[in-house]
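Every chain is named by a letter (A, B, C, D and E) in the order it is written, and numbering of its residues begins at 1.
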Amino acid sequence: MFRSVPNSFPITDDTTVQQIARQRPGDDFLSAKAIHKSFGALVVLDNVDFAMGVGDAVGIVGPNGAGKTTLLSVLAGAFPPNSGTIFLDGRNVTALTAADRCKSGLARTHQVPKPFGGMTVFENVYVAAAHGELVNRDESYGRVIDSLTLCGMLYVANRQADTLGLLDRKRLELARALATKPKLMLLDEIGGGLTDGEASELVETIRELRRRGIGIVWIEHIVHILLQVADRLICMDAGRIIADGDPKAVMRDEQVVKAYLGRSPA
Amino acid sequence: MIDTLIQGTLLGGYYAVIACGLSFMFSVMRIINLAHGSLAIVAAYGLWLLADRFGISPFIGLLIVLPAMALVGWLLQRFVLERSARGNALLPILSTFGLSIIIDNLLFQQFGADTRSLAPFLGDLSYDSWELPGDIYVGKLSVMMIVAAIVILGGLQLFLSRFALGRAIRATAEDPDTAGLVGIDARKVNAVATAIAMVTVGIAGAFLAMRATFDPYSGGPQLLFAFEAAVIGGAGSLWGTLVGGIVLGLAQSLGAQLHPQGFLIGGHLVFLLVLFIRLFPLGTPFLGKISASLRSEA
Amino acid sequence: MSTLSIQELDVRHGLLQAVRGVSFQIDKGDVLALVGANGAGKTTLLRSIAGAHLPASGRILLGDRDLTQVPSHKRIAMGIALVPEGRRLFSQMTVEENLLLGKTSGRKGAWNIARVFDAFPNLVPRRHAKTGQLSGGEQQATAIGRALMSNPDVLLLDEVSLGLSPLVVDRVYEQLQTFLTSGTTIILVEQDLGRAMRVASRVICMLEGRIVLDAPAAAVSRDEVTQAYFGLHRADGGRAA
Amino acid sequence: MTYLSSGFSVERWTRSSRSAVFGCVIVLAVLALAPPLMGAGAVDRLTALFVYVILAVMWNALAGYGGLVSVGQQAFFGLGAYFTVRLADAGLNPFVSLLAAAFITAALSVPLSFFMLRLRGGEFAIGMWVISELVHLLVNLDQLIQGETGTSLISLNAYDSATRRAAIYWMALIAMAGLLGLLFVLLRSRAGAAIQAIRDNEDAATSVGVKVMATKRLLFVLAAFGVAVAGGLWLATATTFQPKTYFSIQWTAYMIFMVLVGGIGKFEGAILGAILFFVIETYFGSMGVWYLIGLGATAVLFSLYMPHGLWGAVERRFALRLLPIGYRLTLPKYLMDQHDR
Amino acid sequence: QSGDTIKVGFISPRTGPLAGFGQTDGYVLDLAKKALAEGFQSGGKSWKVEIIDQDTQSDPSRAGQLAKDLINNRNIDLMLVVSTPETINPVADACEAAGVPCLSTVMPWEAWYFGRGAKPGQPSPFKWTYHFGFGVGEFFKTYVSQWKLIETNRKVGVMYPNDADGNAIRANLAPLLAKEGFTIVDPGPYEDGTTDYSAQISLFKREGIEIFNSFPIPPDFAAFWRQAAQQGLTRKIKICQVAKTGLFPSDINALGKLGMNISSAAYWHKAFPYKSTLTGVSGTELADGYETASGKQWTQQLGASLALLDAGFEALKASTNVKDKAAVAKALSTLKTTTIAGKVDFTSGPVANVSPGPIIGTQWVKAASGSKFPLDYVVTENVTDPNVPVGAKLLPYNG
């Protein structure tokens, strides 16, 4: 289960929070300008601008196929945009690989989970801990245990990732991303298929991440979960951002209702 | 030069025939069949036996050998590939490799090391040709081969994309468990697919044996060319195999024009070149264009 | 007449027993909501009904035919279709081809390509795209469409709304309503309890492989079901955790 | 076992694995002392065995751990041998040539990796095969080699046969022990975990910060180096360099056989496979056609009935892990109790 | 015990792609074993002889391993090895390394000598290994003699592959032929396994060659020659002189009509007038005996393998101590004898360790009706060994 265990382990250090605090307020930690992405003739991202500060929690919604996952992938560096630039922590990272961006503090989860099937859950997360940032072995172990605890995966730590069910795979995605010691996490539909109880545990976990100073970008169709965490909401449709701002306002936006919700949230 | 291009294209037809069954199994069923060459030689011996012992012309002999090959394919699937494909993806490589050793040596045990050919049973066909203006000769057998390649590969491509059974074959190859969930009998479909592949292998064996000579161990050497044609053609596309065969044949013929040892080197270099061009779909505009045209052909 | 009946079903994954002694039956035209926490065994149960996973013991009957040992491809011909968890599309094939594959069993009925595209108009422009390149929601729509193409009598839906935008979820549930009227039986795994209980005629809640609650949807409250998730509720039949 | 605060521990060694490593060291020591006591025939055969072990272990590293299935490793085998004769012909001591040749081959594999590692799956496999054919053809162009005619490492004839035999034996033993050790350490390091992660999912690996290309390159170059050492050693024992023999796909076929029969992706499996192959060859090799048919049948039967190879079967049966490279987390007692409730 | 037993290793390719060469070895070895059954006289003593024959499976690596096994574990006194560089060179190298006398035949001696690292002009680096049989010089003499039998324009198209045989021939033959007034048209070395020869064929057609000479492996030649026929080249060829392919009747049979009247050269023929020193059989007896025993047509390998045994045992007979390897090697280095395949003489070779042997011009012709086999193999010239009677007149290929 997703169970937050705040401060229960001395191995959880506070450096992230301190680093973050040192940054000047108002700076955009991650920003993307005029992103354009197409697959063949299909335009998926059409001149998208995006920016967020460190520690922000941004929710993204939008109809299926709007380009949300694609935006996330472009930000994370899974593939390059056709045009546009991406800045991370003030640096132009457009040409950097996903691995480099990860080392600079950007982590992501995959909508369709991509576990390392031949390895155990522990090993999956260890890879992330050991490569997301260079640290010694004991420290990476500590980080693995911390992430597993936070994501409620301690009891399946020695299971081969192949044998996990869908939800455990999603948790594994989260744990793995977390273990890279990110400053910003890009989450893609990690909340689908949760029971109410599980969902509120997940929300608790995400809040704990925020407490640690980690910024969040979260794509989710289960809007009510998203609203419990996000302090800003973006709605995309057909490769464009059609609404961006205060979550409640976005939810009431006419275009959003028409394109996405289908009915007023009220 | 024109002669070189024509001969290279015709050679490509031969490669396409040889590669056809391999490509079918490689790109559709995802099985790297190392026994491909050996099985083609089995068909060749079958035809040779019919011709030598019973005086049956190889073309008529095909009517007997091809159904037999289909049966071989069915058995192969049922007793070898089905089991080994269920484990990890490498197991079919091991099993078909083992199979090829067994086949080669059993053939040797049975037929000895003597060199054989089907050509003596074809009258003049193996070296007859048509003369074109400009002192260009095109071999009748070569033309037959390229026509066969077009018919077989085109037919299979059509079959795979337009017919329910063809779709079922592709679906099963991708995910046999889920294929069961949509109503496909994966075992049957796989057996049919392998049978089809083996029929084309039989045809390949026939042409190989008509064009040159064979002995129990001649399956292996042709395998690389077949793989090259299949890979140039790209996964999932049988038309591509025809293109791949022709690209390979042309590269070799042109290579030979440049340098006597350029024949094989030319083929290999172009093979690698094609792979790398495909890697950079968005590379330089020029490369991009080439790769786009390669894709659309494939 | 009972369409589908499950008797004392045990299903294992190696050493792990994922479904333990599950029995229930469901009548033609019923909608059964199958709920339970993550790992409760819902997916395993649906897969063994569809024939993708053979049970260790117990029986599965459709009408009076014993399906227990029937392979999956024959079950779909008898009218049992599954929309699997994780979609399981053929990623190298196009949307249209995936849909056509759903027709393999050759069952006649109201569903055809045109009707699927009617139901999920967002698929129309992507009909010739390989499903591996679709967005998550587009994939889910294709998976549902593929199952519908076989015109099933019993439709097993495993987390259908997962990854669908609210608008599309609404549309899916509308569709459910329409083919309910044609007499299709549905087993629905759904985490959105409210939604599930609105369409379902009956709710079964599983916990650690067992049924802990089995009741008409109208007879239980949402809270009761939520409690059952954690084993706080005892099922009437006494087959408790 | 690493103990962490709060009662967690991460286990990397077990009792059986410690004794296994100890056993390996003893076996190696015995082997090192053996040549004066053994007959010439046994020394020669064991040298061949060491070469087989190197080949199997290297292919296993590449395919079993790295997911890089190559059917062109004979390229490096042949290059290792080729550079050895080339350097020896230029006047270098043959044994020094052997080592230098392996380094040159490894160096050549670096630029090669920039292209080849971009290919995936079947394309990589066949591409490597084509590379090996190409390298073979290029080596044939060398005047010293004179096409398929080849040449021999005759500078070795300067040593008397007993010295020569023992020297090659020790070199092979050291090479095998060194490469096994190196690989073991590598696979147990964080790079080892990254290698397996890449095998399972490349995209996910990059997204958690693994430098995919660099990691794959490390493995590729190491495998090239190891196989080149094997090629040089084989040349030293055989003397004759005929390019066709060394660039034959047969070598890779043997590697595949040894690894899959022994158990792919298992450190012990590759070694076991090499030993099995060696035993089969030693005892049945003289049966001609039937030996080969038997070899083929072994391959088929293993693929059908022991898909995880010999070691896979042993491991399942006895839950044995002798040379573990994985990690096991042990939870503190209070958490275990909580779980059991 | 082993004290009075001589052990002789005999390695040849009996299975695998080179098995054509080893096909007759079983019969020849039986003859030898029968002849040795009564014991073998050397140094005034009668020895038991054990011939340990091994099959390389056409695998050069295996050939080397077998040689080591025979040397290390079976303690052989003499190694005999026959047929193709893939078989002989690894075995000879193993013997050289271990200091065991080794005698071989049936491959161009240049490929044996230079292909194992010997350098022209320098003293022979080999102490233990000896080779007899044809070399480029013999091919040269034979070809000149054979090609003058028919009126041609003396333009010779040559196709020498980039393998041991091809390279040995290319390096030395072409210049000599040019001196004799032949124009050599050489498109350059090609790799075994080439499948299309249009470049070479168009060159030959352009140059108007009338003589064709090649050293191909059978499948390559079949592909080449059929393509040449398609392109109209074969009709212009008066002499088609092929080595390697065409050693054995099946190669020619497989060519069908195109195989008729192909010229060849033989390292042995049943018309050779010599008797085997070891078994006493004559050429005709050997060939007929084989045909009766196997039901297959005789091949030239019969005489070559027997000649190897002849020469080997002559050396053993001549050595001062058969159990002393150095003495046996010494005997080899001074061996002078006449085997069933002609003279072997290590005292006067072009380089130490080598004794060149004859190669006789021959042709494959249609057999007279009523023969057991479809093809007949006739001797058309004898310049390298005038003792061999010429049996027929050379027929033009396109005649």
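By our rule, contacts are C-beta pairs under 8 Å (C-beta built on N, C-alpha and C of every residue); 3 or more make two chains touch, one makes a residue touch a chain.
Since the structure is predicted, the reported quantities are computational estimates derived from the model, not experimental observations.
Hey, what chains does subunit C share as contacts with subunit E?
Output, common partners of subunit C and subunit E: B.
Based on the averaged CA atom positions, which chain is farthest from subunit B?
A
Among the chains, which one keeps its Cα centre farthest from the Cα centre of subunit D?
That would be chain C.
Between subunit B and subunit E, what's the gap in Å when you average each chain's C-alpha atoms?
One centre to the other, that is 36 Å.
Cα centroid separation between subunit D and subunit E, in whole Å?
39
Using mean CA coordinates as chain centres, what's the gap between subunit B and subunit C in Å?
That gives a centre separation of 43 Å.
For subunit A versus subunit B, what separation do you get between their C-alpha means, in angstrom?
Measuring from centre to centre gives 48 Å for this pair.
Two or more other chains in contact with one residue: find those residues in subunit B.
Only 105, 108, 261, 264 qualify.
If I count partner chains per residue in subunit C, which residues reach a count of at least 2?
Within subunit C, no residue contacts more than one other chain.
Which residue numbers or ranges of subunit E touch two or more of the other chains?
15, 162, 189, 191 - these are the residues of subunit E that touch more than one other chain.
Looking at the whole structure, which two-chain pairs count as touching?
Every pair of chains in contact is listed here: A-C, A-D, B-C, B-D, B-E, D-E.
Residues of subunit B touching subunit E in their complex?
Where subunit B meets subunit E, its residues are 3-4, 7-8, 11, 14, 105, 108, 112-117, 119-122, 124, 126-129, 131, 135, 137-142, 211-215, 217-218, 221, 225, 249, 252-253, 256-257, 259-261, 263-264.
Under the touch definition given earlier, write down the residues of subunit D that touch subunit A in their complex.
2, 4-6, 8, 10, 190, 193-194, 196-197, 199-201, 203-212, 265, 326-329, 331, 335, 339
List the residues on subunit C that touch subunit B in their complex, please.
Residues in contact with subunit B: 50-52, 71-73, 76-77, 81-82, 84, 88-93, 97, 100-105, 146, 150.
Applying the document's contact rule, which stretches of subunit A touch subunit C when the two form their complex?
39, 42, 61-69, 111-112, 163, 165-168, 189, 192-198, 221-223, 259-263
Where on subunit B is subunit C touching in the complex?
Residues of subunit B touching subunit C: 164, 167-168, 170-171, 174-175, 177-186, 236.
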